[in-house]
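The structures considered in this document are given below.
Same chain, two partners: subunit A is paired with subunit B first, then with subunit C.
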Partner chain A sequence: MFNNSSKIMFLTILMMGSLIAISANSWMGAWMGLEINLLAFIPLMSDNKLMSTEASLKYFLTQALASSVFLFAVILFLLNTGKNNANLMEMIILSSLLLKSGSAPFHFWFPNVMEGLSWINALILMTWQKIAPLMLISYVIFKPLIIISIILSSFIGALGGLNQTSLRKLMAYSSINHLGWMLAAMYNSNIWLMYFLFYTFLTFSMVLMFNMFKISYINQLFSLFFHEKSIKFFLFFNLLSLGGLPPFLGFLPKMFVIQSLTMNNQLFLLTFMVMMTLITLYFYIRLCYSAFMLNYYENSWMTFSYYKSSNMKLLLTFSYISTFGLFLTSSLYFFF
Partner chain B sequence: MCSISFISLFFFSLLSFTMGLIFIMNDFTIFIEWEVVSMNSLMIVMTILLDWMSLIFMSFVLMISSLVIYYSKEYMESDYKINRFIMLVLMFVTSMMLLIISPNLISILLGWDGLGLVSYCLVIYFQNIKSYNAGMLTALSNRIGDVALLLAIAWMLNYGSWNYIFYLDVMQSDSEMLIVGMLVMLAAMTKSAQIPFSSWLPAAMAAPTPVSALVHSSTLVTAGVYLLIRFNIVLSTSWMGNLLLLLSGLTMFMAGLGANYEFDLKKIIALSTLSQLGLMMSILSMGYYKLAFFHLLTHALFKALLFMCAGAIIHNMNNNQDIRLMGSLSLMMPLTSSCFNVANLALCGMPFLAGFYSKDLILEMVSFSYINLFSFFLYFFSTGLTVCYSFRLVYYSMTGDSNFSSLNMLNDEGWVMLKSMMGLLILSIVGGSMLSWLIFPTPEVIILPLNLKLLTLFVCIIGGLMGYLISNVSLFFMNKALSNYNFSYFLGSMWFMPYISTYGIINYPLILGKMSIKSFDQGWSEYFGGQQLYYNLVKNSQLNQMLQNNNLKIYLLSFIFWIVILYMYMICF
Partner chain C sequence: MLKIIFMVLFLFPLCFIKNSYWMVQSFLFFISFIFILMNMYSNYFMSISYMFGSDMISYGLILLSLWIVSLMLMASESVFKYNNYVNLFLFNIILLLLMLVLTFSSMSLFMFYLFFESSLIPTLFLILGWGYQPERLQAGVYLLFYTLLVSLPMLIGIFYLYKVTNTMNFYLLNNYMFNYEILYFSLVMAFLVKMPMFLVHLWLPKAHVEAPVSGSMILAGIMLKLGGYGLLRVFPFLQLLGLKFNFIWISISLVGGVLVSLTCLCQTDLKALIAYSSVAHMGIVLAGLMTMTYMGMCGSYTLMIAHGLCSSGLFCLANISYERLGSRSLLINKGLLNFMPSMALWWFLLSSANMAAPPTLNLLGEISLINSIVSWSWLTMLMLSLLSFFSAAYTLYLYAYSQHGKLFSGVYSFSGGKIREYLLLFLHWFPLNLLILKGDMCMLWL
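Coming up: the complex of A and B.
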């Protein structure tokens, strides 16, 4: 990725765009940041493959449409003389931002685009590209639409991933599900930022692994080879952590959301989301099957030792944190 | 392991016997209480009661178990895990000790449950299906008694203490204490295999023979009798004594009959144990608890000897225990056979052997006391039956020709086994007179007419004769047992009691279980649970996939429609 110097430039611009969007004090500035971000991401996406071209085109069309609607709504805001219903204008802005972030009723582009990307780009799309839209959404919370989006996101995120064999799509649906949680966190406090950070961390360690072992489909997971079973076992704890199973780090942000929703008496919503996350956990466990079943088939040969690479060390560190992080953070909480 | 256990158990046996003698002489009792928890007015205590009864019983149990362990050294020598076996036997002995010394309902439970558990482990020691079934039958039958004891504990909560010996006097006036007494009687009946619960005792013969000698003849099964000896006031002051008299008399009769139909060496002895237990229980329920205790001790001696001899025979006959394949053992194994005969004669009540003193005294007390004709008949007929099956057993195994396979080698040179048998041989010859002098400081005065006095003798002689005659068959004889097959099957299968304990109880629950597993577990709860949920999720997932397959244009258009609708709404309202 870093072979090409132009990519460094685009990456910088991409980050700059997001920063502009979230730190703008006018809607126009935010729109500008979003556009810069979009236009920097398009060249990054292309890696001389047919699929990526298609993905970048889809991404461009969707984002451009969302941006134009956003701009339209912003102008409407400016022209607003008090006659119009502000709620509805907020809804238009919100819809365009939801489309940009890829949350549920407007999520259709997201798995399609993910399918065509390399793992690193997919990581950027799943994490960094969500910062600006989510931040802007947190400025214009219109609860009815948000609740609809929360419910649909967790529902689609759970159901969509159930019959996927492609890991990218699977991660995309998982991302949609997590987006539902983030919106729910946004619903009444700012813990969504923390949720986002944890989600980014966990996704990062997952994608790092997929990228390192060049895995795109789940059947590749089943013949994944390691010198030691325990390493494989350990790496796949990440996935359970991502699903939010209690002894792992991924449970922590979920617990915060659960707490805040409980305090605000949103028990039905909460129950629904937890149930849907259970389904995501089901398909995560299906991925981990080969790692956790000790008598699973494996090749007896391998061509490359992953132990030597520094990536492996990074990956193991990340897995360590995501496996035992909950204990660490809890003890930190305890001591300070 | 064997030697250490033997020596220490033997030592403790002598110690407690000596102490027992001192306690008898001085009429002395030690009562120790250790308070475990005290809550409000309740006190949970570990109580230890040492009087001559518990000490003598303990010394006998320890003596027999030490000899049995010594005996197992040879009997189980080819067993890979002999140490585990010895450990189990030691655990059993410990439980038995705890049971003997505590007169407290809670602390007795420690020994009581320990007995149930360890006897289960011992029955399933040879790990096969038959042992497993027998063990399960044993454990579950005994579990009924455990539950009864637990219920008794709950009922005794009212009194603030579980030391039942202090509350026996209120039995007549207090109906709640009566309930406690009933539950304890139930517990004792399961442990001593009285009539509704008899079927486990012959089944438990799946255990190794030393275990049968120690556990299922002399000690474990007498735990129930011992408990009721401690509770004897319950029986003599309420209707329960009469009930127990009937049930135990029937047990005695049923077991005696069944033993005459049995061909399994160990099962014959097991049924004879059952019959003797019925004798103890019935004399106990008439109020003569000392006699019951006396018979308990002598019976323990000669029954353990009988089992040991049976074990030696089985060991020699390549683990075959069918008496039809034995014969002429008195020529092949003379020493073992003489031990066997002594034990058998002691069981029959041959004068001046151990069984004579207790059994004759019991039967004369029965003749002496006020008792109905039916119970009287049961007592004496069962005595005759005892002699009958003993002589049948002797006829089959000791006399005649050898019926075993043509090439075999029987020998009488299992010295370790023989040595341990010799110890018990001496005891079962002199034990009866010794105990009768110890327990009864003054002889009982019994005055009977000549006919009644000689009745026991006549019954025994006729029984022995019958035992010989029913066994002495030739090829051209007509088999009456076969021509009355249904009746003899009824008598030979313990009056269908195994069916009461197994299929009779479990049949309908199993059918119900099958129905519920079919229509609930694998039916409705799958339909409304896992399967249907998964089916729906997959369906919805496929629907989502179908939606996902559309062209991007359609999504974008629908988004524009949504915005247009919002916009129009905004303008209009």
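Coming up: the complex of A and C.
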């Protein structure tokens, strides 16, 4: 990706688009930022593979649709100031932003697009591309629609990932589930930003691993060979962390969301989300089987070693933080 | 408490030194002995540091964890001998110990929950990593999801408590009395599954059968006690609801205890038999605890300590036979008296402890539990008598079948018990019979 200098330009424009969208003080400005962001991501996606062309086409169609609906609603807003049908416009804006962020029930494009992308692009799609829509959603919280989206996102994110063998699709569904949590965090306070940062961190360390070992399907995980079993063991803690199991870092944002929702008496919504997260945990843990079963035989086909590379060091550092980070952060949390 | 926690914490680097297995084990014993000398606890939290402290209930269970973990290392020498990822094993065990010590010494309900959940992960790794058969995956998933399914609602319940009371401290929570049914169920169910109560016990025999000996020891010795400990901690502020709903759990666990005892009598797997016998014993513990009487609470605590030592010892014995015969089937493990006469003594002593024979702590626990349960309702006498009878019956079945009779003709060569194994069994059995001389440690904490 970085060998092609035009991609660096598009990457910069991509970031600029998001920044314009989140710092705009009018909806028009936000729309402009979203468009810039979209048009910069399209060329980034293509890497001379058939799948990526298909993915970029799908991405373009859905995002362009969402943008036009968004623009339509913004203009409606402009025309209808002072009238009391603001709910309708809010709903249209919100649904177009939900479509942009890929949360259920507007999620159908998301796993399909993910399937055609390289891991780095998938990472951008799962994390950076969510910033602008989520930030804009946090301006127009229309509760009935948001609740529907929370429930559906956590539900679809959990059930969709169950039967997947492709890791990209699996990560996409996990992203949808986490999006449900982020929307829930947004529902009554600003902790969604923190949830988003933690989610980005954990996803980054997962994608870093998948990208480094060129893993796309579950069976590749099972034949992934390490000279030192304990390294594989440690690396797969990341998945448990992403699933939000207690001793790992991923539990922290979930804890904050649970706390904020409890404080607002959303107990049943919360119970539902927690149960759905349990299902996501099931498919995460399915990926970890080969790592956690130490006496498990893999093909030792991979003859070259990654241990010395700087990527591996980065990966190990990230895994370390995502495994033991909870203890560090929680002690900080209690001090301040 | 921090001195103990830090001492455990600083064992981590030691785990990664080559051939440090016995050094780690010795240090664990050292920590246990120091902790024994720290015994000055009362029924309030004492030696408080940061957010950790210890009262009598915590003290007993922390000591039990330290002790069982030291014995786990002693029992799983084969991991060291065959170098079965020994450093990772040590790391895992010490992590588990740390989580358990933190669980038992947390003064806040939330921290308790956090470490309660965290202790599940090293146990899962122990089963998945060092188990014997491919079925260990299923066992691990059962263990994880049975526990998480009910403990995540408990987290919501805990935050609800925080919202209402603005505190998570056990001692301050005791000032409240709640009358909110869903709160009761969300808080209690997690512990019931962990205990495990009959009907939600299915994960336990699976986990035991697939776990290595260390996993079985920690499961039977400590993990089951986490449930009982949690219940002892939450019942002070759930009394009102307890009066309403506790009859359900008492009935289920008493009837279930009898049914599980009958299941025990059908087992051919040594470990499964001992696992089911733990379910039956935990049934009595649960029923006694749920009566919310003085004798019930103290008796359940006493039986938890006793059962931790005794069933862990029985799992060691099962493993000692397994290492020699390569099977846990009772059809192969029979007539062992001919092979290991001295080991038969330990089989006898620990079996008799399991059926609550006189000088053991089990007896003390069972007497006070039976008293409390009968005082709760005389109708329970039927189930209790059946339970006591069958408890003796299946333990006798275990002992007689494995030790007496004709030996299996396919056994070719055989080695007798090692000093390590005798010491291991002695260290299970000795506290069990010594502690009855200091019964007030177990019975007078409330």
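In the analysis below, the second predicted complex is superposed on the first by the 327 of 336 C-alpha atoms of A that agree within 3 Å, B and C clash if a C-alpha of one lies under 4 Å from a C-alpha of the other, contacts with A are read in each partner's own complex, and residues count from 1 in each chain.
Throughout what follows, contacts are C-beta pairs under 8 Å (C-beta built on N, C-alpha and C of every residue); 3 or more make two chains touch, one makes a residue touch a chain.
Worth saying up front: this structure is predicted, and the values here are computed from it rather than measured.
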Clash-or-fit label for the pair subunit B, subunit C on subunit A: clash
Subunit B versus subunit C as contact partner of A:88, first or second or both or neither: first
First (subunit B), second (subunit C), both or neither touched by A:58: first
Touched partner set for A:281, first subunit B, second subunit C, both or neither: second
Contacts of A:314 with subunit B and subunit C, given as first, second, both or neither: neither
Which of subunit B and subunit C A:289 touches, first, second, both or neither: second
Single subunit C stretch clashing with subunit B - from 1-9, 379-387 or 397-405: 397-405
Interfacial residue positions of subunit B with respect to subunit A in the complex: 537-538, 540-542, 544-545, 547-548, 550, 552, 555-556, 559-560, 562-563, 566-567, 569-571, 573
Subunit A residues touching subunit B - in the complex, by the definition given at the top: 58, 61-62, 65-66, 69, 72, 84-85, 88-89, 91-92, 95-96, 99, 106, 108-109, 111-112, 156, 159-160, 162-163, 279
In the complex, subunit C residues that touch subunit A: 51, 84-85, 87-88, 99, 113-114, 117-118, 120-121, 124-125, 128-130, 136-137, 140-141, 144-145, 148-149, 152-153, 155-156, 159-160, 162-163, 182
Sites on subunit A touched by subunit C in the complex: 229-230, 233, 240, 245-247, 251, 255, 258-259, 262-263, 267, 270-271, 274-275, 277-278, 281-282, 285, 289, 292-295, 334
